Structures are given as C-alpha cells and as structure tokens.
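Okay, so subunit A shows up in both of these, paired with subunit B first and subunit C after.
After this line comes the complex of A and B, so read on.
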C-alpha cells in the first residue's frame, strides 16, 4: 500500500528531525502542568475540563507537525521525484496526512496516563464513557486540523507561512462560535455549526452524535481534496 | 520507444516549448542539447508525467503520458535536475523507499539494491546520511534510484552539472554502460558530453527543435564549406598563391599557430576537396609544404551556428 509507504517515511522523517521530540515533550509538559493546576483547585477533577485544555493545546502544536509535509518536499524539490513515481497525487496527500495524524495520536495516547491517575484517585468511580468520547472528539478534531495543515503546506514552499496560515485557520474555527454568541437566529446557527468547539463540546460531554462525527470527517475530506487539487495543478517549479 | 509529436507548453503568455517533435529508438542514447532556458527541462517534465502539455502528444513504449500516466511512470527512471534527495535518509533507506513505491517486494529490493549500488559505485556509502555525501556520490545515488526498477526508459536532466572532472568522467561512463538495455534521454548544455556519450542529438533552442541527427551527420550536413589547415615555409607571402587555387573561397592566417613557417586556414566549397591542388600550387610556387590537414567542424561550432542563426532571424523579423 503506497499510502502507508509514504506515511511511514514521513513519520520517520518527523522523528529524524527534532520536531517530533520537541512537540511531544512540550505537549506532555504543558498538559502535566495543566493537570496539576486543575486538580489542585477541584479534586477529584472532571476529565471534561482537562479534555478542553488538550483541545486548546493541540491547536498550537498541529501547525508545527504539518507545516513541513508538502512545503519541505517542494522546497528541496524532492516532490518532483515523488510525483513522477507511479503514485497518485491523492496517495501522496493521504500518506502525509496519515503520518501527521499518527504523531497526533501519540500525543493523545501519552495523555492517557492522567486518565489512569484519575482512576486511582476516584477509586474506580470515574465514568469512562465521556473520557472515551472526548478522546474520539480530540482525534476527529485533530484529523480536521491536520488536513488544514496539509493543505496549507501544499500551497507554499515556506514552512513558516504554512504553519502561520494553518494556525490562523484553526484558531479561527475554534473561536468563530463567539461571533455567533452575540447574534441571533440564522447567523448564530451558521457560526455555531462552523465552529469546531461547538461540535467538540458534545464529545467532551459524553454525547456521541453522528452529526458531529460527520462534521469533522467532512471537513477533513474537503481540505484533503483541496490539497490533492493543489498538488495536481503543479503551478510551480 | 519514445515518440513526441507537436508538443507545446505555455506558461501564461510564455511558450516554453513550441511544437517539438522527435523520436528515440529502443536502446539509443539521445542527447538533448540546448542553452540554459531553452525548454529542455520542460520537455523532460512532460515526458516524466510531472505536468501535462498544453497541446501535442508524447508517448513512451506506446503509452500516452497523459492518458496512461501510471503505465508511463512505471516504465521510466528519472533523475531530475540538481538531484533532489531526502538528506536525512541513507542511500539504502532511500532505495528501499522508492522500490516500495514502485511495488518491488523485499527480496527483489535487496537483490537490486546490491546490484545497482555496485553498478554506480556507491556500495561504500550505502549507510551514510545522504546529506553528508559529496555531490558526486549524491548524483550516483540519484542515478541508482533511477535504474533500481530496471526501467525501459531513463530520463536524465543535466546529470553531470556541478561535478568535478573526475566525477563527470565516472558518471558518463556509468551512463554509457546503461545504454543498450535502456533507452536514454540525456539533457545537457555541455557539448563534449553529447559527442562522447550520445548516438543522436536533438538541439533545442528557444523552445523549438532546430536539429535532430547523429553528431557525425550533423557535422557533415552543417559543413557548408570545408576548411584546410596548411603550414608553409618560404621567403615571400604565399597568400596570393593560395587565393588563386580553384575552389578556394577564402584564405586567412591562423593566428593561434606557433612554430616554424606560417600557418593558414583555407576555406573552400563543400565537396570540392582542393587538397591536391593546394599541395601542388604551394610546391609549384616555390614554397616548402610543412603540414596540410583537413579541419572538421566541431559540434560546438554547429551548436553556436544553429542557436545564433535562429536569433539573427528573429532580430530580422522584428
């Protein structure tokens, strides 16, 4: 499977550069600090609060993970060799996306230690369902953010620009709900439906609704599709 | 093996390639020659399915580069200009990666990697990071990548640029050894490379093919006049004697010559072969004939002539 070959190389490259280690170390460090802050105020804490903080902080790290995906191959011109292999453009995009999602999954799995801690402290009284749905929500939201990141990485050969544009878009999707809060009726609905927080909240509350799953999957598909079209246009080199 | 018909590529208003047609037979090495910016890379990028043409067709082994792009890609080995490779990978890892993308199984890859590494002489650096290798090694790693899957067609874009003379010689001999089993297109702006390596040459200038032929034929057809070099010893100036010879159109002293006597370059009509007449005229004129030899037109002169003629025409029409 060529998608997996590309994803495998990409993931290895992330670990051969300092990026993967810096991202993992900082993310675990920050989440540890936040865990300490939350539990020192309310004990036993609600995992839901923690899940929200995890969501906020992946916003900062995903641009760093996805920025090099295609931009760096374009800068070093290795993309020319890759796209002339017997490989479809969608396989390249999907492979790149999958590698970044893989690193994101590692970040999320690493925070599960706090879940375990919570179990010990509450002596088994913790309701696991909202935690599970929260992790599913984080993964789905992360998949969308990474797709946005891969798209931004496909439109430029400058990694910094890719990261900044990615960050702007995903932070915008995160906060657009506030715009809706002041309005009423139609626009409130629109801003709410577009915002990632609105959909993620439901996951964090332990609600599993197909509509919210579809939102993240559809968004992911749209940005991956646009990445493929950008790669196909070859308006570069 | 390779057919190119009326290929045109436009970027906005700029025509990078205009109505280019040529063919390459199986097992042949075609030199793709042209000044920088002539459209060499654009043509090669269309052949390698990197991008589509604006109009015209190109096919490799009977497969169209646009419609059967996957078939074409699996039959091509490509070495892009400047040899872009992942610097953090080792040559071994890189070859496994491209082998996998091309659907080679593990046993196949292991055997082929050993074989091509020996062929291009990179076996001693297989496990070093590519970023730490010299340019000559990197070039050969790129070449190994291009021949790993035994492609029918090899497309090499400026494979010797930026190498030192020894590395250039090594790379050329590797390429020469590849012909026969593979059909090769080699783009270059270095003239001696073409006459050393290629059986046929396509000269491209300003997006258009100006000549396609073997280097020898090209030289023969382009020679509108023959030139003869003579070295003469004598008391008086022999110019008058030389200009009087039948068929001679011009006589000029060879300023670069040094040594005994005086040297001249005599131009005459093509096919006239005035050498016997020159010899007897010199002897009858009372001079000593020290040296007489025909001067062949070099590929370099043909290239300059073809590519500047074009410019002259364009200036005239403007």
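After this line comes the complex of A and C, so read on.
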C-alpha cells in the first residue's frame, strides 16, 4: 500500500513538472514520424518493424524518466525526510520504479493508435496476437531498463550522471549481441543471453517464450535489489 | 635550589612529551582507523603508485578478456596468458605496496558492511543467473502468429523429441560480405534457432564467422569461401552433413539432415558397372571417384554393382541405382530387371551415353527402362553457339530453361545457368503429355523438364557432321537436357525397416554422361566453386535418395498482405501522427499556465 502511495506521489510530481509532457510529446512525435515514414510507401501488414523501432527509442527516453527517481531526493536532501517516515527502503525503491513504469506504460499505450490504424486498414485481417506479444515484450524490456535507471539514480545525486550511466548500461545490453558474433561457443552464448535484443526479438515476432519472460523479470529484480542495497548503504557510516 | 627544581620540572615535562609522542592518543588512533591519518610525502607517493597499479591491473584484465574474444588460434592462448599474467603482477605489486592501507580499509565499518552487502549481492546475482539459465532450459514457447510462422512443424518436433543423443548445428554464414544474401542468411539463422529452442538441450547451435574462426572451421572441414551450415551428431563416431545456404532455409532439408546424421544406416547408392560405364574406383578424368567422395561426404554409402556377376539381381538394400554412360550393349534382361525394380518403387539416375559419338555404335539407349516413363534418349549432340563461355558450344540451361523443381531450386536465380559438357551432351525427348514449358505442373507420373536450352541451341543428328555451325539438317532448339519423373507405388519392396522409402518410383535422366565424371567435378570444385552443374547432379541424387518420402513438410510463407494507403488514409495518418505529439504538449503547457496562475 505504501508502495502505491509513493508511486502515486512520484507520478504526480512527474506530471506536475514538464518532464512527463516533454517525454511523451517527444516520444509520440518521433514514433509518429517513423510510422509516417514506414507507411509512406507499400509496407507489410505486420507490426514487427515498428515494435523494433519503439524498442530502440525507449532506450533514449528511459534515462530521462528514471534519472530523478532517487538522485533528485538526494540532491534536494528530501531523502532523509523520506526515510524518517515509516517506510522501508524497498518500498521507496519499488514505489519510484512503479511510477516510472507507469509513465512508460502510458508511452506504450499512446502508440497503440498506430495498431488501431493498421487494424482499420487491413479490415481486421491483421494478425493481432503478435502485436500484443510485441507490446508485452516492450513493457518487460522497459521494466528492466527502468530498474537499471532507478539503480543508477540511487548511486549518485547528480541526475545527469545517473542518466548517462543508465544509457550506457542499457545501450550496452542492447548491443552486446554484436560482441557475441565475434566469439564462439561459450562466449557467443553468454553475450546472446545477456543481450536484451535477443530476448526481445521473439516477442516482436509474435512468440511468447517463458525463458525470455524470466530473463526480463529476474533482470528487473536484481537491479531493484541492488538499488535497495545502495539505499541502505547510507547508514554504513 | 629554585633553579634545580625548575630544571627537574622541565625534564619531567620533556619526558612526558616524549612519552606522548611515542604513544598515540585516541584521536590519532581513530584517525588512523578511519584512514585519514596525515601521510608523509613518500607514503602519499606509495599510495598513488599502488592505486595506479590497481587500475592498470583492472585494465589489463579487461584487455585479456578482449584478446580472448578478438583473437583466434594459438596466438589467443599465448596473449591471454601474457596479458592476464601482467594483470596479476600489477595486483600483487599494488597489494604489497598498499598492504597497510588495505588492512586499515578492511577494519572500517563501511568496508565491512559493504563487503557483506557485496557478498549478498553476488549470491543474488548467482541465483538470478541460475534462474535465467533454468528459464531458458525449461521454457515454454507459444507461437502467437496465425499460421505458426515461427514454429517447427509437428514432424520436425517429433524428430527432435526422438533424438537419443545430441546434435550440433554450426553455421558459417557471411551476411555482411554478400548483402544480396543477407535475407537468406537471416532466414537460415532464424530457422536454426527454432531447432535450438525446440531441441531442449539436444540441439546445440554455434554461429561461426568465416573470416575469423579458421581453426574451428578447419576442424569441421568447412572451406572459407562458402556459406554453409554443418549438422553434426555429437554421439561417439557421429556423422556430419553440410548444407548449402539455400538448404539451410528449408525446414525439410534441415530435419532430413538431422535424421541423416543420427541415423544408424546410410542410404545405399549402387553404380552399375560392366558395360562400359564410368567407374567409381577410377581416379582419371573419366572416373567417378570424386563424385563418390562427395556422396560419401553427404552420408551415402556408395558401391559398384556388376549385374553380370550378380545374375541381374539388384541388392535389397539399394536406395538408388546410377548408370553413368556406357559404350557396350546393355543386355535386355538387365534392362528389364532394372525397369521392374524401378517400377516397384526404385530410384534411378541415368547419365545417358551419347550414341551419336560412339564410334562402335554400341552405346545403349535404355529404351526398355525408360519406355514406361515416356522419355527417349536421342542420338544427337547438342551445340549451343550462344553459351557466352570461354569454351565454345557448351550447352547451357538458364533463365526459364531451368525447370521449377526442388532439384533446381537452389540455382533458380535470374543470373544462374547450368552448363553441361560440350560435344558429349545429347538431348532427350519427352512424351507429348508432358508440358512443353518448364515450370508447368505435369500430369501425375509424367516427366518434368529440369534443364532445357534456349532457342539458339541445336543438335547434330548426323554422325558425319563436319561443321559445328548450324545446318539445315540439325534439330533446332530448345532442346531438353534433363528430366525427372516420379510415380506413387502402392506396394513396397526391399528392407523392412525403411520400407516407406520405396513407395515412390523416381527417375532422373540427364543427357550428359560426363556430368559426374572426375574431369567435370574437379573443374566444378576448382574453378567454379559454386558450380550449378555440381549442385544439379548432387541434388538429383538427393532428390532420389532423400527422406522426402519419410518426411514432407510444407514450407510456411508469410501471408501478411502488403498495404498501400489511399489518399484519404494518408491524410488521416498524417493527422493522427501530428496529434499524437501535440496532445501531450498542449496538456503540459495548459497545466504549466494553470500552476503559474
């Protein structure tokens, strides 16, 4: 319950500041432009390509959403105020993460209008289930990226540094698959398993694999766990 | 006296001062514990060097990891050892130089708490990595696409489920160097990844970079110049099979290869000898030893068969019979025996001898064998003045002259052509029931034209022709060079365990007796690395012997229709794109104004 209170407070703060609107407007603007470019010539009646584009662009927006989560509290010295309240560290972290995921979900829901358009143009012949799996993949990947963002926000009070470190990590996870192409055997498998694109591709194609779901959920958990430990470290002296 | 007592006091004070200096007080002790004790210049220098060595060690360790990934071969092991060793020396030196600081650092509360937390975090990471591994190992996969585009067919899954051992699929595909094949390479990789996930640990996939992983490629016998996929059984003494890129995009071919490498017995191919046929033991220009080797590489058992010594009996284990040429009369009873065997579900590849150029005039026409199939071997020699080759008059099938069939599928591209041997190739005649143009589906059991020359080609029908140029008496093109035919047979013959293999009678007739001979094949291997002629003759054997009868998988095609927007749809689309960006902006600005007010 306290998690929801913190998440609500955080979301309210996001929507009372210009950040949420700038992020939403920019994201929808860019996705609209890409959609317009895809549909300006003959294109296949499938959502896979657009889902990949959405995945690429949330990489750029998630650092902006998550950078202020804990870093801003540290900077304004309100973190001490927060921790004196009857809330646990994990509730603070989970609440902040949930608020960012809420904004991310709004970004994804906002792009569903393009799905509606395609559905309309194909007169219902569009294969809808793969679109849903693509959105599920985007949400799961976004949850992991936000968790990374919250962790980076917890290790520094400088929002810019938090955003840069977040971007570096998530772009690294996105492109690490390329490194796998240079290796063989074990290293190829390792880089492939670490890469988020490898796990997201299947969702975009319309395949729901529990292995990939487990990857994103456990990845999210581990970064949230590290965020909690980082928050706890303030009491070590 | 007063002076003496004063001196005594001073001495006592000095002694106390010296004692205080030699015994550190609580504050200095605490400073030392917290690591904030002021240092001498040399101490500070030592600390800097120690820290520098530590950073250098970390960098070298990362370098070793990079070397391990980037380099290949024996140089990699050496360099990894050198760089990692240097990193170790740096760490050791740093620890020796800064051991006092290290001890102090370990004593602080923050370090102890931090180390405890680190251990806890490492444990959580280990659990998470194990969880991800288990999640992948025991995953459940749901293909949400309408036509199950990204799933293997039930038949392939059944084959994988039935595997007793492990199979390794190694790809050596070079997409970047050949952009025109990038889509095919991706298709092959996507398909193979399906085998990996459906195999649940029984299928291991490795992607090699042909420009880098030379050692591994040598180990697997892959030549650097070709894009291939190797399917290999990891059982003791396991076999391997190499698939070309186009085959690797075909589920049926990949599943057949998996079945092939895990199968205990190999399909048996007999080459008929004894009546002037080319021999598989002959290593000269006209021998078939290289062709035999290629077939053995593709997991066939190859042997010769002399019908004279076998009293016209065809072995029960024969999957395919090959007759390559012949310059002596082929006894009628043997032709009859082969015809009966084929009609009962056997498979025959006939590389027809050229009767026109046989000086003795003894070369057989195999009329008895081919009578039921509506195919006749003509006594002529095909010449093609427009072959655009360094050698003149090579009969060539290209473009629409290459028939639509699984045998010709890999080289049915706009620029591909299949050249046959000059001054050896004869033409074939097929019954009028067969379609005139390649690509049209024939009535069941009727021959399908595989190769046909273009209109400019012609054939000499007179043994005494003196000029290679076209004459009035010549047969004009287009001329049929190769045909195939198959017929469903209700009854079965031969082996009990693979009786299904014999339910379809198949025949391939090629008007070029030299197509499989060493001279031609060697040219194909040496000069034309990707020779369609070589692919063609091998594919003929694959089609005859492959397990198509055991497993038929309908290829899946993406049924999503292309969309082109109308003018009004474009307008709506533009409006929606614009509004989607403007709406949050307008709301944001409104809220800003309200809050400001």
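Just so it is clear, the second predicted complex is superposed on the first by the 230 of 237 C-alpha atoms of A that agree within 3 Å, B and C clash if a C-alpha of one lies under 4 Å from a C-alpha of the other, contacts with A are read in each partner's own complex, and residues count from 1 in each chain.
Criterion: a residue touches a chain if its C-beta (ideal position, glycine included) is under 8 Å from a C-beta of that chain, and two chains touch if they have at least 3 such contacts.
The structure presented is a predicted model; accordingly, all values stated were derived computationally and were not measured.
Once the two complexes are laid over each other on the shared chain, residue contacts for A:139 go to neither subunit B nor subunit C.
When both complexes are overlaid on chain A, the residue A:179 reaches subunit C alone and has no touch with subunit B. Applying the stated contact rule after C-alpha superposition, one finds that A:211 touches subunit C and leaves subunit B untouched. Judged by the number of subunit A residues each one touches, C leads among subunit B and subunit C.
Of the two partner chains placed around the shared chain by superposition, neither subunit B nor subunit C is touched by A:190. Of the two partner chains placed around the shared chain by superposition, neither subunit B nor subunit C is touched by A:164.
By the touch criterion defined above, A:6 reaches subunit B but does not reach subunit C.
Contacts of A:16 after superposition: both subunit B and subunit C are touched.
By the document's definition of touching, neither partner reaches A:49: not subunit B, not subunit C.
Residues common to the contacts of subunit A with subunit B and with subunit C across the two structures: 16, 237.
Interface residues of subunit C, counted against subunit A in their complex, comprise 68-70, 109-110, 113-114, 117, 120-121, 124-125, 128, 131-132, 134-137, 139-146, 149-151, 197, 206-209, 212-213, 216, 558, 560-565, 569-570, 572-574, 576-578, 580-585, 587-589, 591-592, 595. Partner subunit C is touched in their complex by these residues of subunit A: 15-16, 18, 20-22, 24-26, 28-29, 31-33, 35-36, 39-46, 110-111, 113-114, 117-118, 121-122, 125, 127, 129-130, 132-133, 179, 181-185, 187-188, 193, 202, 205-215, 218-219, 221-222, 225-226, 229, 232-233, 236-237. Per the touch definition, subunit A reaches subunit B in the complex via residues 2, 5-6, 9, 13, 16-17, 76-81, 83-88, 234, 237. The residues of subunit B lying in touch with subunit A in their complex are 45, 48-51, 70, 73-74, 76, 78, 80, 82, 84-89, 97-98, 100-103, 145.
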